[in-house]
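Heads up: the structure comes next, in structure tokens.
In order of appearance the chains are A, B, C, D and E, and numbering begins at 1 in each one.
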Amino acid sequence: MSDNMSDLLQIDNIAAGYGEAQVLQNISFSLKEGEALALLGRNGTGKTTLINTIIGLTRRRSGTIHLAGADVTKLRPDQRAMAGIGWVPQERNIFRSLTVEENITAVAIKGPWSSARIYQLFPRLAERKRNLGTQLSGGEQQMLAVGRALALNPRVLLLDEPLEGLAPIIVDELLAAIRRIVVEERMAAIIVEQSARKILPLTERAIILDRGTIVHQGPSAELAEDTVRLANIMGIAGTPGAH
Amino acid sequence: MLTILLDGIAYGMLLFILAVGLCVTLGLMNFINLAHGTFAMAGGYLTITLMQKAGVPFLWCLPAAFIFAAVLGLVLERTLYRHLYDKTHLDQVLFSIGLVFISIAVVDYAYGANQQIVNLPDYLTGRFSFLGASIGVYRVFVIAICGLLVVSLQLVLTMTRFGSRLRAAVDDGRVARGMGIDVTRIFAVTFAVGSGLAGLGGALGTGIISFDPTFPLKYMIYFLIVISVGGTTTITGPFLAAILLGVADVAGKYYVPAVGGFIIYTIMVVVLIVRPQGLFARAAAK
Amino acid sequence: MSAITPSPEATRARAVLLGRSRWGVAEIIFWILAFACYWLFPTKLSLLSEIAILGLVALSVDLVLGYAGIVTLGQGAFFGIGAYAAGLAAKHGMGTTLWSDPVIGLFIGGGAAAVIGFATSFLVLRGSDMTRLMVTLGVALIVDEVVNQMKWLTGGSDGLQGVLPSAVLGIWEFDLFGRVAFVYSLVVLFVLFVVARALVKSPFGLSLQAIKGNMLRTRAIGMPVNARLVAVYTVAAFYAGVAGALAAQTTQFASPDYVAFHRSADAMLMLVFGGAGHLYGGLLGSIIFRTMQDVLGNITPQYWQFWLGVTLVALVLFVRGGILGLLGNMLAAWRRKGGAS
Amino acid sequence: MFRRQILKSIGVAGLALATGISAASAQEVVKVGLILPMTGPSASTGRQIEAGVRLWMAQNGTTVAGKKIEIIIKDDTGAADQSKRLATELVVNDKVAFLAGFGLTPLALAVGPVASQAKVPAVIMAAGTSTIVASSPYFVRTSFTLPQNTAPMAQWSAANNIKTVVTLVSDYGPGLDSEKAFKAEFEGKGGKVLDTLRAPMMNPEFAAFLQKAKDLKPDALFLFVPSGQGASLMKQVGERELAKAGIKIIGTGDVTDDDQLNGMGDALIGMITSHNYSAAHDSPENKAYVAAFLKANNNMRPNFMSVGGFDGMAAIYKALEKTKGDTDGTKLVEAMKGLALVSPRGPISIDATTRDITQNVYVREVKKVDGQLYNVEFATIPNVKGSN
Amino acid sequence: MSPRILLESRDLVKRFGGITATDHVTFSLPEGARHALIGPNGAGKTTFINLLSGVLTPTSGEIFLDGANVTHWSARKRAHAGLARTFQINQLFADLTPIETLMLTIAEREGEGASWWRPVGARTDFVDEAVALLAQLGISDIAHHRVGQLAYGKQRLLEIAVALAQKPKVLLLDEPAAGVPEHEREQILDVVAALPKEVALILIEHDMHLVFRFAKSISVLVNGGLFVEGTPEEIANDPRVRQVYLGEEDVHV
């Protein structure tokens, strides 16, 4: 299936869901080394399910997932994580009985992203090292979630709505950090976002999901220009009947 | 007065060490393992056997009991228990009671129904005076071991990477898996340690109480009381609860013998009504 | 759609809803067989009346646990309270035969248990499974200790002796063969079963299942959740109390063992073993559990617990939903086979 | 010398067995229903009695007065309603001629009405509350009663310079029996009971009670717990060093149960108890009994429960011999009244009016004999009645 | 004469730890309202609904239902007073059937919920009503299936049917169409539209087609606070709203 051996992450024909319900069908796309991908779509279109499927937390019906050429379809989530998939969950899911420091060290794997570098990226976290994860503000939790995923030194980073529900200043800070990770450090990443405008500039390509299938794939820059399409996708079309 | 206090603490410690393993399996893994006493019994009977048949010194029996019960726990976890994690609590109760019945019959077959006792080495028997109170050496020994155990468990849990990975797995198993933590293996090890602690508790218990095949049923209620009063989210909760219960029980029987039998149960009911999650449970954080 | 002639859907829905409370063939056979035991196993009538009594306890646990979802390890307390209340009534008789009449005794036993059940029901309204388990257990242990301490009333650990109930309804004397005891116990079980059956098929029963299923929603549709739970807990206590009264009358004594922890545990085990939430689960569970215990106990008086344990473990590992679940699976398999051929 | 005796008895048993089997087909069978706690907390009582019963049958054959004796063992798990049901079934279905066993007082009491109604003799081989036998005219006891075993202890104490005593008993029927008997006898002889402590039955921890006893500084501490619980108690008695505080430990022989005595440790040496049986009883009958028992039961030492079973079986045999095989219950009970025999524990008889056992009670001291702990008897109070 | 106010919140605040999920919301809903509540994820829409319906208790502020101060009433009492809601995530009784679920709700509404002798189905009028409701929502075919085994969309419809069976004065719909296939969404709205016109409705919805079809008034909630209120046209043409949704730049009001 793999027509391009340099693909870091390759998703072929995935169908998946939870329990009896099937949410995703016929999902195929790939991600190159160093590439950042925006995953867009309205609420409930399957973005998070797709991220969870890559981690291995959903029930897969069919299809395969390759990471750096190796088939990880049958691997457990923890094995996939060890194989190089870093995950920033939608709800952040900071381990609540662990301190900030422990949240990072508990999952850390040796590599360029040391604790020191993570603290350098998020100086706020360094200040709150000894605090429990639950004592952090929403923005700090989000930073910790990103830092925790980096501590795994993954080959590809999956960010599930990293800006959701955050104060504007924090959003700017996080966007700067994400820019540094994916643009400057060239870490491959998939970023799920509602705020398309914020994330399109950071990514090379964008995928739009609707009702569990991919309805658009293309360069981010192109999509950013296409306001009509964007408005349609994001569902605030203005008048009834507009499609 | 001090004697009563120390007797109570020692009794509480015995309850604690028997129950702490259950705290691990029930509190951390949310598995209602009523067969916990079986592992304690395994440790107790191993000690009896080693001392009576092989003449092994008592102090060597303690680690041996830990290892024996831990291995037994690990084997049962890998073969049976792991199939039960996602079943209902009722299924878990039925299953673990089944195991208790089996263990009772097996021990009865191997050792007979009568009570088994061991004689402690001389250096652990006897009493000494402290601040005018007379204190049993063995009770102090039990308190010391339990104190050490709580401190080291707490250290392992809070200071080591294993501890933080375990807590992560408990906090959110799904996300922990997604972060590369092999939750299954951590739980297996944890279950083994929990069983091992029960075994150690059983071995220590031989110095104070006698063992017969009905041990797992007879002490089940006490384990559950300690755990439910202390709450299952911490190690220190059951530790403090055990001290409270032990002291209340001994002091109650000493000073107001007429209601001595009610004290433990009443404390439990009152605590659970006021604080359904246990006296020392961490406030559920979200 | 007019209000006078119902739509076909409404007619059908009505038929389905009412059909659910109609007696099925299997049920009728079950009860015919139960009564036929009188002739089928004339030598085992004592065991059978004991099973009927245990079945009644398991039924009471089913009401609380299987329907309302409250985990309880305290039903033994109500059983014991019923036994002592009925036993004392029969023993002291107040000089009249009325007090020692077994049927009156049932109400005395059940009533006493219901009063305590109502009083303690408020303790189980909140908390997790584990909390409820321990609170109910704690109450039972306290009752046990009370029975032990009140020697002047209960006879302490020697038990309450001299419980000599008069003839049932003044007609049938209890006999050594256990004939009257069996028929009496089974009739009481049957009557209470019919009531329980009506109860769980009624809107009240439906609301219990709803509470068990989703407490958030039951509150949102305006259901007084706590009142329902208090009601069912009290009714179940009454049932267990009646069972205790039956036990005291048929064995002619009451002992602290009737209040002991293992009574509660056995009742719950039998229910889960049989399958909770179907009324019949507890009955089947007590039949199979006690029969196994009796048969195995005769084969190996010392080690029957081993085989019982193996059965429990195997049942949990391989079957979902107890014996009833097993029967359901077998029925489904048989139907599939039947459908294919 | 013992060995020859054992061989002889085994030979007899073998012969009896052989003849019994060959004749069985032509023989009428007399069934004995043995209701014992074989599982649960009192299981050890059941095991000892069963072993005693089986030993009697092995030594005396299975045929009496031309009838074959068959025993049916049922486990009542220590629950009274089970004892009652099993008794009913044994009487109704198995048509047993005797009921026997009964590990605990409530279990025996529950069976009383069945025995009365069915007119089947019920031989109490263990339960020790004094009132049981009076509750049914078909009860006969071959074990002991608590007052019977306790009173001599009180007498000995009073005579041996013990002025004050604290009693500690299990909080249930026999315990209270024992406490009452001790107090009455001891205070009647001028002693003083400082306090009567009662420990709950379901209790592994005696620290509070023992400490209280120690703080009261009596001359002696009197103990009673049921068979099987002595080990835990004595462990804690030893730990508290009451002896060093000048408190003598006395009690009934239940506490220094032969079944467990040897494992209890040297701390017990010197403890004085009174009881009806010791495995160290010095008589040829007992030496043979102990030797045969050890051999047949994988070196389990016989205790007072086992002789209750052994002698109970003896009483059943003798009664059948006396009635010449007639299994009418009333006649059998009559036949047992006044029965006297030489048991391993010494001479015993069944009181003709009370149907309770009359036997010697011995005052014993725990001593080390050949490296093992035994209750060594040093005084005998002859022919003590079980109840009045 | 101004219309009767059925539901009102005054200065309502809810804090979870340090996070303010509902930020001083003052809001009123007149009789017959068809009101939509929109806003980005995490804006506090569901928290607001939970406060109104009594699932959560507010940190401060007051709630009035048809003139009565219900701030400290339980969810049950509010339900009896005429407030019904649906949940964002289905809250149904997996072991019952749809018809049983509705029978239960109707019985509860009519004060017959504790009736314990007559079987469910004995009250013909209840059955007729339940059947009619199922028909209205187009789920008559699954009337007797176990709810737990139903497809998500069907459960969603039942979720609404339960709320309708309460015959509410005020109905709060929390994303009723989430997860429902497109062609079935219109059906849900049709049912809602067919409600008696005096019933006041609040709808939380992300599908803007539905919102604009349904709503006569719209509130936009951002970061727990009321951001903008207006008619659909006003909202659709408000550049700030577009920005909030499309996330160009954060807007400071």
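Criterion: a contact is a pair of C-beta atoms (placed from the backbone, for glycine too) under 8 Å apart; a residue touches a chain by one contact, two chains touch by 3 or more.
Everything numeric here is computed off the predicted structure, so don't read it as measured data.
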**Report entry** Touching subunit B and also subunit C, the following chains
**Finding:** D
Requested in this report: Using the touch definition up top, find the fewest steps from subunit B to subunit E.
Outcome: 2
Report summary line: Set C-D beside B-D; more C-beta pairs touch across B-D
**Report entry** Remotest chain, subunit A as reference, centres from CA atoms
**Finding:** D
Query - Whole-Å gap separating subunit B and subunit D, where each centre is the average of the chain's CA atoms - result: 36
Report summary line: Here the gap between subunit A and subunit B, centre to centre from mean Cα coordinates and rounded to Å, is 44
**Report entry** Rounded Å distance between subunit A and subunit E, as computed from the means of their C-alpha atoms
**Finding:** 32
Query raised in the report: How many angstrom between the C-alpha centroids of subunit E and subunit C?
Result: 41
Report task. Send over the residues of subunit C in touch with two or more other chains. Result -> 145, 148, 302, 304-305
Query raised in the report: Can you list the subunit D residues in contact with two or more other chains?
Result: 38-39, 43, 47, 171, 200
Requested in this report: Mind listing each pair of touching chains for me?
Outcome: A-B, A-E, B-C, B-D, C-D, C-E
Report summary line: Within their complex, subunit D touches subunit C through residues 36, 38-39, 43, 47, 73-75, 78-81, 84-85, 88-89, 91-93, 105-106, 109-110, 112-114, 117-118, 129, 135, 171-173, 176, 200-201
Query - Complex contacts: residues of subunit D adjacent to subunit B - result: 38-41, 43-44, 46-47, 171, 197-200, 202-205, 207-209, 211-212, 228-229, 231-232, 235-236, 238-241, 244, 259-260, 263-267, 300
Query - List of subunit B residues in touch with subunit C within their complex - result: 26, 32, 80, 83-84, 87, 89-95, 97-106, 108-109, 113, 217, 221, 224-225, 228, 232, 258, 261-262, 265-266, 268-269, 272-273, 276-277
Requested in this report: Would you pull the subunit E residues touching subunit A in the complex into a rising list?
Outcome: 17-19, 40-43, 149, 151-152, 178-179, 181-182, 206-209, 212-213, 223, 236-237, 241-242, 245-248, 250, 252
Query raised in the report: Tell me, which parts of subunit C touch subunit E in their complex?
Result: 1, 3, 6-7, 9-10, 13-14, 16-18, 20-21, 198-199, 201-207, 209-210, 212-214, 216-217, 219-225, 227-228, 231, 277
